[in-house]
Every structure is written in C-alpha cells, then in structure tokens.
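These are the structures, in structure tokens.
Note that chain A is present in both complexes that follow, paired respectively with chain B and with chain C.
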Partner chain A sequence: MEALANNLQVLFQGLALGSIYALVALGFVLIIRATNVVNFAQGDFAMLGGYAMILFTVGMPGNPELHIPGFAMHVPYGVAILLAAVVMAIIGLAFNYGVYYPLRNRSFLPVLISTLGASIFLQNTVLALFNPQPRPLDKLFNIEGVTIGGVFLDSQYLVILVFTILAVAFQYFFFEHTLIGKKLQATSQDKDMARLLGIPVTLMIIITFVYSAVLGGLAGMLVAPILFVSIGMGSTIALKAFAATIIGGFGDVAGAIVGGIIIGVIESFAAYYISVPYKDAYAFLALFLVLLFRPQGIFGEKVSEKA
Partner chain B sequence: MSAAAATPVALARARSNIPGLILLAILAIAFPLVPYVLHVSDYVLNICMNSVSYTMAVLGMVVVLGYAGQINLAQAAFFGIGAYAVGLGTVVWGLHFWVSFMLGLGAAAIAGLVLGLTTLRLGGHYLAMITISFQQIFDLVLTNWIDVTKGPDGIPGIEPPALLGFHLTDKRAYLLFCAAVLYLLIWFVWWLPKTRLGRAMRAVRDNELAAETIGVHTLRTKVIAFTISAVLGGIGGSFYAAGFSYISPDNFSFLRSIEFLTAVLLGGAQSPFGAALGTVLIVLLPEWLRFLKSLYLAVYGLGVILIMVFLAEGIWGLLRNTFQRIRKPVAPVIGAVPVLHFEIKAQSDRAVLKLENLQKHFGGLRAVDGIDVEVAAGTVHALIGPNGSGKTTSLNVVNGIYRPTAGRIFLDGIDVTQMKPHERAGLGMGRTFQNIRLFQTMTALENVMVGGQRDNNPMEGGREALVTRALSALDFVGILHRAHMIVRSLPYGHQRLVEIARALAAHPKLLLLDEPGAGLNQTEKQELVGLLKRLRGHGLTLFLIDHDMGVVEKVSDRITVLNFGKKIAEGTPQEVLRHPDVIAAYLGEGPANAAARA
Partner chain C sequence: MRRLFLGCIATSVAAAVFSLPALAADTIKIGVVNETTGPNAEAGVYTVNGARLALEEINKAGGILGKQVELLLEDNQSTNPGTVLAYSKLAGEGVPAVIGPIRSTQTQAISPSVAKAGIPTMFGGTDPSLTHTGNPWLFRCRPNDSFSSLVIANFGVNTLKLKKWAIVHSTDAFGTGGMNALVQALKAYDITPVLVQGYTNNSQDFTPIVLAIKKSGADVIGSYMTNSPDVGIFAKQLRQLGLTTTWIGSPSVITDTALKLAGSGLYGVYGIADFTPGASTEAKAYADKYRAKYNLEADVYSSWAYDAMHVLANAINQAKSTDKEAIRKTILGTCGYKGVEGTYCFDENGDGLRGYNIVRNDEGKVVFIKHIDNPKK
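What follows is the complex of A and B.
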C-alpha cells in the first residue's frame, strides 16, 4: 500500500514537472512552426519570467561592482504575474527584432546560432545586473497542499497542472477557432502564399514570438516556487522541452505536450528508483532511443524533401 | 594564362596567392620561436598554448560546419575525451603518453561515429539537440562518476610527453612541438576540400538532395566529417591536458563548445586559417575585455548575434572577399580539352529503363497509379501530362527520392527498386532538376567533378582524369570558359548547362531530365534542343519530362502521356499529339472546349 502511494507520489511530481516541460515545449513548437527555427533561448524566457516575479514581489539587490541599484516593488502576487507577463511580451518583441528579424532570409543555422547567442546574453545580463544567488519565490496559494490517500499533493504542483490544461485548451481554441489563429497557421505553413493572400506575415511572426515569450515566462513563474529562481534554470528546462518536442514529433503541438509529460514522468521515476545525480541525463537517453527507433517521434510523419 | 600549350589539368589549377602564403608561413614559423628569442612570461606561454590546442578543436568545426554544413555543439566534449584519456591514462592508469593519446583519439572517433550514425540521417535541428545532449551527459558523467573521472576535483600532475628521447618538459619546447602538429593539421584541413571526400562534403552542404542524387553517399560523407571533427577535438584536448598539467570538468562544459563554435564563426568557417584567427581572438578577447568585468559574457553573447548578422563568412571570408574584389576577375579558361567520350555499349533491344506497375500514393492521393514504361536504349523518351498528372513524382520515384508504394524499377536489367538514390547514380542513372540544384558556392568545374566522382564511373586514372573529364563535359555543353566561376554568379541558362555537364561527367547510362526547358528563353530553348539532339546522336538514352511541346516534339522518339497518375497514351510524337484522350486531357472536354478549339 505504501509502495503504491509512493509511486503515485512520484507520478504526480512527474506529471507536474512534465507540464512545465510541455509549456516550454509549446513555445518551442509555435516558433518552429512559424519560422522553422528552434529558439535556444526559449528556456531563458522561463528564467526571465521567474526573475520578473522576484523583482515585483520581493525585489533583489543590485550589483555594486557595476553600480547597479537594487530593485523592489512589493505588489500583490496576481498583479506581479500580470506585470511579469507584460515584461515578457516586451522581451518577446525585442527578441523578434533583435535576434530573428535580421536573419529571417538566411538558412536555419545562422538563426539557431543567433538564438544561442541570445541565450548567453540574457543569462549573463541577468547575472551581471543582480546577485548570482538563487532566489526562492512564494507559492501562488498560501497553503502547502492536501494529502489524499497517502499522496501529498503540493498546491503549486496542482496549480501547474491546472494551468497547463487551461493553456492547452486556450491554444487549441485560439488556433482552430479564431481568424488570427488561422492566419498564424497559414503563416507557419507557407509564408509566401500567406503574404500573397494579404496576411501580414511579419506581424504574425511578431505575435508568435510575443506569445511564446509570455508562455515561457509563465512556465518560469509557475516552476519558480519549486526550483528556485536561478540563471541556469531555463537551460535545463529548455533542453528537456526540446527533447520533448522531438520525442513527441518535431513541430507537433500534441506531441510537445505528450512528450513533455513523458519526460517529466520518466525523470521522476528514474530519479526515485535509479539515481538522483544523473536526473538530467534520463531525458537525453530517452531522446537517443526515440531517435534510434522512431526518429519522426510519436506523432510525427515521415517527410522527405521534394525535388 | 598561356592557354595554347596548357594541359587540361594545368587549365584547372586554381590561382594561388603566393605573397599571402609566404607571409602566413613567416608568421607561422616565427610564432613558436618567439619565446626562445624574447623573454616571455608563463602567462603569455599559457595563452599561446591555449590558442594552439583550441585551434586544433576549432579545425574540427571547420570540417564539420564549414565544409559539411553540419552543426556540432559538443566539440568541447570531444576535446574533453582527448584530455581525459591523457589525464587518466598517464596519471591514473600509468600508461605511456602516446598510448593514452591513441586511446583518446579512438574514443573520440567512436563517440563521433556513434553520434553521427544515429542523428546525421535527420540533420539540422536534431543534430544540434543531440550534440547538446551528449555534451550535457558528458558533463554529468565527468562530475558524478568520481571513481573513474575523479569528479569535480579533476586530475593534476599530467606530464608532457617524450619525443624521440627528448622530454618536452620545457614549456617552450612543448609549444614548439604542438605548433608543428597544429601546422600539419591546418595543412590537412586546407587540403581536404580539394579531395574527393572534401568535394563531397561541400556538395552535401550546398545541396544535400542533389548530392545524393548524383552519387554522393551523403550519410557516409556527413558521418566521416563528424568523425574527423571529433578526432580533431580529441587531438586538441590531449595536447591541452599535457600543456596545462591539470584538467577538471569545467574545462569541457557546454560554454566551451559554444566558444569553439563562436571561434569558427568569427574567424570564418570555410578556412583553417580563419579558424586559427578566430580562436586566437576568442582566447585574447577575455583578456582585452577585462574592463567589462561581469558584463563580459553578456557582451560575448551579443557578439555571437552580431557575427551572425554582419559577418556571415567570418573575418577571413571578409578579408578574402575584399581582396578578391580588387584583384582581376577570374580568367576564363581557354585551351584544348579532349572531346567528351561517351561510354555506351552497342545498341541492344534491351530497355535501359523499365517501370513495372509503378505506384506512389501519398495517403489517399494516388499520384502515380500503376504505370508501365520501357525506355529503349539510345532513344529519347518523354513523359508528358497536365499539371498534377504525376510526372515529377514518377521521376522522383525512378531516381529513388521517393520509395514506390508498389511496382518495380529496372535500370539496364538491374532491379533498383530498393536502392538509395546514390546507389542508382552509381549504376549510371543521371539526373537534372526542374528548379536547378547546383552546389552554389562551388565553381562550375567543381560541380561537374562531383558528378564525375560517382561510384563505378568507367574512367581510368585519378584526379587528373577526373579534371579532364569534367572539363570535357563543360566543353561539350559549351561553357568551358566559365569553368572557374562560382556557379551562383552564372546566368540561369548557364547554370542549367552546368547541371547537364555534371550529369554527363558521370558517364550516365540513362539521363533523367526534369523540365530541362523550364525558365529558358526561346534562343536558349533552341540551343537546348540542339544539345539534346547531340546527346541522342552519341547514343545516350534520355528520359525527360517537360511542359513545352515544342521541345518534346522536336527531340523525342517516344512519348508517354500521364493523366491523374495513369498512362493514357504512348507512341511517337505524331501519334500521341493527335490522340483524342491527350487533347482532352490537355484542353479539357465538352462543348466549352469545342468553342475554344474553333
């Protein structure tokens, strides 16, 4: 009985963790579909979201070496989330213009490398501005959680699960049932054709970057109370989220969610039963196996280039 | 160029920049000797050692990224494999330096090979992701598998090797030795693009599909490039470990991989000299930019973006382009080359190409729905049909880009249905593309040489024969004078001819032409018809698809008409073009059309 409860406990944690990977993976997939490029700074959106929350709720000391003053703004948690989302939207806009736009007519490789550069830039800017020490963030609700049948359900984990379900539902509705969603889909499938049909392609890509920055930021805000906010928090999440998109099927929305959950659960169980220090390696091992035996991923289709 | 007496190979010799090479050689020889002449501090020696060992790893990036166009974000891991082999081998396991060194190279090569084989089929983003994963796992193992790797404490006390009885314990002597090795490696990387393998790599980078189709084993080429890169990383790491006598996991992190990547991009990924330049800058920049303090890495990240936006070919590429602009334009090739020889067996009744009940379905769409075609030796056979009738799909199935849903394909009596495109090319199936697919950054001559280097090309002799063959092919299509031009800069019509020459250099038994007339003006079309007739005159078998009835009618012996994936007519041009079904398929049926015809 206790073994079952333990396993359920591990499963629950895996699902919550997987939801975070899924959220970041969704941001990945959107950008892949709109621009055909993997954004290696997607995880840093999560990191920035986490830091924004810290700034708006408890504040942070600055860096005396560079004469950067500290910053604090003690607004209520809900307002902080809204403010942080606005900050993320602005960052997404800047990211589009600074990192993607100048390279939009080049092959995927320069853009990919450019996003890697952006990732280094974002992490180290935050590091230079503020103290490198990891920061804790309060949970959304001021309760620890509930225990059901010997399984402790942490309130923040529940928040993560609920938010992920809402985000997925919203995204489905947005893309399938709104005109702007359809335009975004058209842009992602054939930019030239979309442009000929009068769809403002540049604007659509801006929307994609803004949306995925906000989504990534929200993932960071949600996971911050569990993981601590640190400079590197985004990279690890992003790598697993990217692994999730490949496992699920490159560029597939449902695949990203399922892939994310699978990785979260695998990681949770492997850390419990095998070894904690190698926790971060299991996702990658799963990825290797998928690439060996089903390279197109779970939902992916085999496609070949047209002559 | 004294053209009259020049041999074909002399004609093909690219211009070299003698003063530049002498300058480089002087710099290269002077660099490791400076510490012997002037007094330099240990700090400067360390910077030199850093530059030398890093450059070795960055040379690997030139091969994999610059030549083969594949990303590698785990070069620091391969560097680390070499370093840990030497560290663990000499200090912990008590092995001889050179034994450990070889172990390291072996391990790096195997890791590169395994990674390459699993992911290079997929390429692109997958490769980026998998190499990052490998880098992360490598980090985790170094840090956590303490029993073997000594964990975060690292390995101290690594000693430089002995060479022919000399102990290279003096830092200056060791630097001199490493610089010599580095120069050898630079020479190797500089020489590589001019080889068969190097041309194949560049072809894969420029247009993978075309490379595969004309006989380059693309997967093998990419895997070899990746493995060479891994080994170069391993070599660099080995010398690094012995040079600094202490290694720890921090030296081989993901950030170091990015550093190697940045070095090659900054310097110029196309050239080993660019790699050396980029590496030296990447080693020196943190020293110069100390005033930025903790902002350094942020500026560095910004720098990566700026390099991508403003320095697409790196500093070396920029220098070279500027230099070339002030020099004379490429001299046209004039001179006598042998006439193109067609290796064609005596006419037989056997079909050179035979399609049996060929089918290709995409989901529910039957793009090709059971066609039978026989292309007789020495004839020109055309496949025509309205848009969407399955012509290009058929051609892609014949040539192996698509696997057929059902049916069989025979090339000169050999069943090739299950073969990959490059295997078919190796049996003598040549092809051109509707939307020209050349290797854009290579010269016309190099493009044609890649075509000529297919497997089983019936050709005696080595490189010289290949060059001659390629020049003859260019001469045959009438653009020998353009041989040394980069194809990107050629006009469209000439690009099409380069593509045909590329196919001809391979001695094709069968040449597939996908809308050879597309995009040509009337004069160029006339010339094309003339060229196709000449090819037919030499007994070459052609299978072509085209919309342009003018072209098809003039050159074809036999025409097959497709509509909705099925064959609706076949025969001589006169028979087929009067066939009522064909007219209906092209012009539509019914009264509305009768008016149009009137």
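What follows is the complex of A and C.
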C-alpha cells in the first residue's frame, strides 16, 4: 500500500514538473512555427514572469550603485497576474522589434544568436534591478495542498496541471479553428507565399512573440511559488522544455505537451528508482534515443513537409 | 570674517605641520587588506566596521606598547590580483601586522607574498588547507571547514542521542567534501549512515530523496546543501510529505535567504554558525556595541576582524616589541583569549578556533543552543 502511494506520489510530481516543461515548450513551438527559429530566451520569459509578480506583489529593492530607486507595491494577487501578463505582452512586443525584426531577412543563425544575446541581456538587467537573492512568492490559493490516500497533492501543482490543460485546449482551438490561427500557420510554412496571399506577415509574427512571451511569463508565475523566483529559474526549465519539443516533434503543439510530460515522468521515476544525482541525465538520454531512432520526434514535424 | 577664516587656516596648517612627525613616531599602523570596491564591497564595509570598533577600544585602553594605533586600509577590489597588490603595498609601508581577507581564494593568492614578507597576517577564509601549506605567518580567526562535520556529528550523537543518520548533500565540491567529512566523523561513533543521498544543484524536485529518507527510517538528517532555493524546496517537500525528522545542516540552512524562502518548512531545524550574537557574554556585548555604533546587526564579516584586532593587540603587547618574529610567537602562544567568535587557542598551524555554535530556527528566529569546541590536536 505504501509502495503504491509512493509510486503515485512520484507520478504526480513527474506530471506536474512535466506540465511546466510542456508550457515552456509550447512557447518554443509557437515561435518555431512562426519564424523557424528557436528562441533561446524562452526560459527567460518565465523568469521575467516570476519577477513581474515580485514587482507587483512586493516591489523592487532598488540598486543604489546604479541610482535606481526601490519601491514597494502591494496589489492583490489576481490583479498582479493581470498586470504581469500586460508587462509580458510589452516585453514580447519589444522582443519582436529589438531581437527578431532587424534580422528577419537574414538566415537562421543570426536570429538564433540574437535570442541568445537577449537571454544574457535580460538576466543581467534583472540582476541589476533586483538583487541576486532568490525570492519567495505566495501560492495562488492559500492552502498548502491535500493528502489523498497518502499522496500529497500540492495546490500549486494542481493549478499548474489545470492551467496546462486549458492552455493546450486553447492553443489547439486557436491554431486549427480560427482564421488568425490559420494565418499564423500559413506564415510559418511559407512567408513569401503567405504575403502574396495578403496575410500581414509582420503582424502575425508580432502576435506570435507577444503570445509566446505571455505564455512563458505565465509558466514562470505559476511555477514561482514552488521553485522560487531567481535569475536562473528559467534556464534549467528551458533546457528540458527544448528537449521536450524535440522528443515531441519539432514545431508540433501536441508533441510539445507529450514530450514535456514524458520528460517529467521519466525524470521523476528514474530519480526514485535509479539515482537522484543523474536525474537530469535521463531526460537527455531520452532525447538521445529519440534522435537516434525517430529523429522527426513522436509526432513528426509539419513544417518539414514543405521541403 | 576674512581674518577669522585666514586665522583658521593658519591654525590648522600649523597644527598639521607640527603634529605630523609626532603622529608618525607615536602610532602603530596595522594594515588591512579589504574589499572596499567590487562585488563584495558590502561585506568589506562590515569588516572595517569590526576592525574600527576594536581599534577604538584598544586606543581607549592605552593602545599598543603605549602608542595609539591606526588602520592602514588598502582596497583589494574583491579580486585575487587586487589582494596581492594591496598586500605588497602594505608590506612596503613596513606594517608590523596585517588583517587579511575573509575569502579563501584571496588568502591563497597572497600566501606566497605573506611568506616572503614575513608579516603576521590574520585571515578569515575557511578552506582547511590554507593553514597547512607550511606558511608560518598565516593565522586564522575563524573555525575551518574540517570542524563543521565534527560539530554536526557531535551534537547529533551526544546531545540529541540520535544514531540513525541520513546525509543529504549537493554533489558539488563543497557538498561532497562535507559529506565525506561527516561520514568520517560519524565513524568515530561507530555509526554508518543509513542513507547517503546526493543531488545536483538547482534540482526542482526532492520527492525521491524525501521518500528515500522515509524508507530508510533515519531519525536525523545531516546536510551539506549549497544553494538556498534547493534548501527551500527540500524543506517544504520534507514537511509536505509528513516527515518531522530532526535536521542538522551546514550554515546554508540558517542563511537569511533560506529562512525567507522556506518559511515554516525550516522551523525547528538546527544549523551551525561561527558567529551568533547570543552565543556568549562577549558576543552579546559585541552585538550591542556594534548596533549602537553603526545601527546595523553584527555578522561574521565584522566579528572576525574585531577578534583579529584584539588578538593582534594582545600579542604585540605581550611580545613587548613590533619585531615580527616575536609577534608571531606570541600569537601562536595565545590560548584562552575569549573573543566574540569563541575562545582562541592557536595550534601550530595557525588555526585559532575549532568550534561552532549550534543554533535552531525557532519559528523564523535563529536562537543559540550551544557552543561545541573541538580539542586542539
């Protein structure tokens, strides 16, 4: 009985962490679909989401060395989420114009390096504005969690699971059943053709960056009460999320979700049954095996059909 | 008005001219290599605060060898090359003794210069090897890391009477070193840990570790964890899965950040610390004086420098000269001096302290439990 409870506990943790990977992976996939580029700052969107929550619920400590004044803000949690989402949308817009747009007619590599540079810039900006100490954030609901049959279900992890399901459903509907979603898909498959058909390609890409920044930010806000808010919080998640997009199939929405969950669950069980220090290795072992035996990923890659 | 102004200038110039040579002859200058600029500048301020507080007391009590004492500050820019430069500059000024850095890496950087200059140098880095390189001029005013595991084992086994140990450690150099030392320390009590569990830094989930501890039936956890977020996540998950196992951790479990992140998850946890305001009458008096003078809470960055100044002053007074070899001998002979970090008794390697304070997190407040000293080997 206790063994079963332990296994269920490990499964729950795996599913919950997998959902976080999946959420960040969704952001990756969106940008890959719109621009054919991997955004290496996707994890930093999660980090920025966490700090935006700190900004609105607690405030900013300030930096006397740089003459940046500190201030305190205490808006209600729900309002803070809305404000933080707005901040993330603005960041997504700025990201599009500052990082992607100037290089849009260049090849894959300059844009990739540009996102890598943006990642370093964002981390150091936050480091200068907030101090390097990690910060705690309250949970969405004021309860620790519930214990059912010896399995502890963290309330925040339940929120994450529910939100992931909603986000996936919304994204599926958006891409497959709305005109704007179809326009976004067309843009990702062939920009020139899409432009000839009268699709405003530039606007489509702006929408993608804004949406993906908000989604990444929300993932960060949701996970912050558990993993805390720190400069590096996005990096480890993004690495796993990137592996998830490859396992699921590069640029595939369902694949990102399944890939994220697979990585979370494999990691959790391998840590429990085999070894904790090598936990991270299993995720990448899974990635390696997929690349070896099914390089297109579980769900294949839609965009590759154009070639 | 104008005449008054000129008068003032004339007086002060005269005062300066006449007092300068007198000052130079009548004061003893102690060098301080300190982090005034760079990323550690905040800690550097505290170190100077501690040294200045000791300086005032020494001067009020008649100074050293009947002369007033001054501090000669040299900035090391929080870097190793900066430390070497600053040290050379002080050596060139002919100071009889130096208060060195609190960082192990900086201490290592100046070790050759210290040996060459032959100046008694007090430092605060805790890497055990620093006093074991055959350099006779280095004196440590904090307990080194090799004693922390002895204190954790001693407190758990002798005071709390707990025998079934689980060790949780980060797999980095600090965590693995600490784990090995703790396993060794427990061996002295004929105890083999029921579980030794490593994890990589920035783990997002400690559930497998918590379940393993549960399964092992351990009644005490000894930990060497590096990062505060890891401490926070582990502490929360431990309590969420219903474990109330006693926990004695390296200093990371009682840092301000860990306390903020983990909240109630760390209540009741024991940690070790080398300076605790409530540890002794000396420590309490120091914390009060420090607060009164600087309106700040005293911490280890200031306390070790305060002790170092007093140990030096006593040693020079005892040597009855500023001869460096004589001072070296009296520092080595110092035993029984009650400092704010503990009672100093130098061994032949130059390690002055061998003890730690055990503290407990009492609903978010760190309270002093007891001080455990290790015998001089």
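Definition applied: the second predicted complex is superposed on the first by the 294 of 307 C-alpha atoms of A that agree within 3 Å, B and C clash if a C-alpha of one lies under 4 Å from a C-alpha of the other, contacts with A are read in each partner's own complex, and residues count from 1 in each chain.
Here is the rule we use: a contact is a pair of C-beta atoms (placed from the backbone, for glycine too) under 8 Å apart; a residue touches a chain by one contact, two chains touch by 3 or more.
Keep in mind it's a predicted model, so treat the numbers as computed, not measured.
Novice: Output check: A:Gly145 vs chain B and chain C. Expected answer is one of first, second, both, neither. What do you get?
Specialist: In the superposition, A:Gly145 contacts chain C only.
Novice: Report for A:Pro277: first if it touches chain B alone, second if chain C alone, otherwise both or neither.
Specialist: both
Novice: Would you check which partner chain A:Leu239 touches, where first means chain B only, second means chain C only, and both and neither mean what they say?
Specialist: first
Novice: Report for A:Gln189: first if it touches chain B alone, second if chain C alone, otherwise both or neither.
Specialist: Neither partner.
Novice: A:Asp154 contacts which: chain B (first), chain C (second), both, neither?
Specialist: second
Novice: Contacts for A:Thr178 in the overlay, against chain B (first) and chain C (second): which applies, first, second, both or neither?
Specialist: After superposition on chain A, A:Thr178 lies in contact with neither partner.
Novice: Counting residues of chain A in contact, which comes out ahead: chain B or chain C?
Specialist: B
Novice: Indicate the residue numbers of chain A shared between its chain B interface and its chain C interface, in ascending order.
Specialist: 277, 280.
Novice: Tell me, which parts of chain A touch chain B in their complex?
Specialist: So the residues of chain A touching chain B come out as 32, 38, 40, 63, 65-66, 98-99, 102-103, 106, 108-114, 116-125, 127-128, 239, 242-243, 246, 250, 277-278, 280-281, 284-285, 287-288, 291-292, 295, 304-307.
Novice: Under the definition above, what is the set of chain C residues touching chain A in their complex?
Specialist: My answer: residues 171, 197-200, 202-205, 207-209, 211-212, 228-229, 232-233, 240-242, 257, 260-261, 263.
Novice: Which of the residues in chain B come into contact with chain A in the complex?
Specialist: Touch residues, chain B against chain A: 69, 71, 73, 118-119, 121-122, 124-126, 128-130, 132-134, 136-137, 140, 143-144, 208-209, 213, 255, 258, 261, 265, 293-298, 300-305, 307-309, 312, 392, 395-396, 399, 401-402, 433-434, 437, 514.
Novice: Under the stated contact criterion, what part of chain A meets chain C in this complex?
Specialist: It is residues 6, 9-10, 13, 17, 133-136, 144-145, 147, 152, 154, 226-228, 230, 232, 236-237, 267-268, 271-272, 276-277, 279-280 of chain A that touch chain C.
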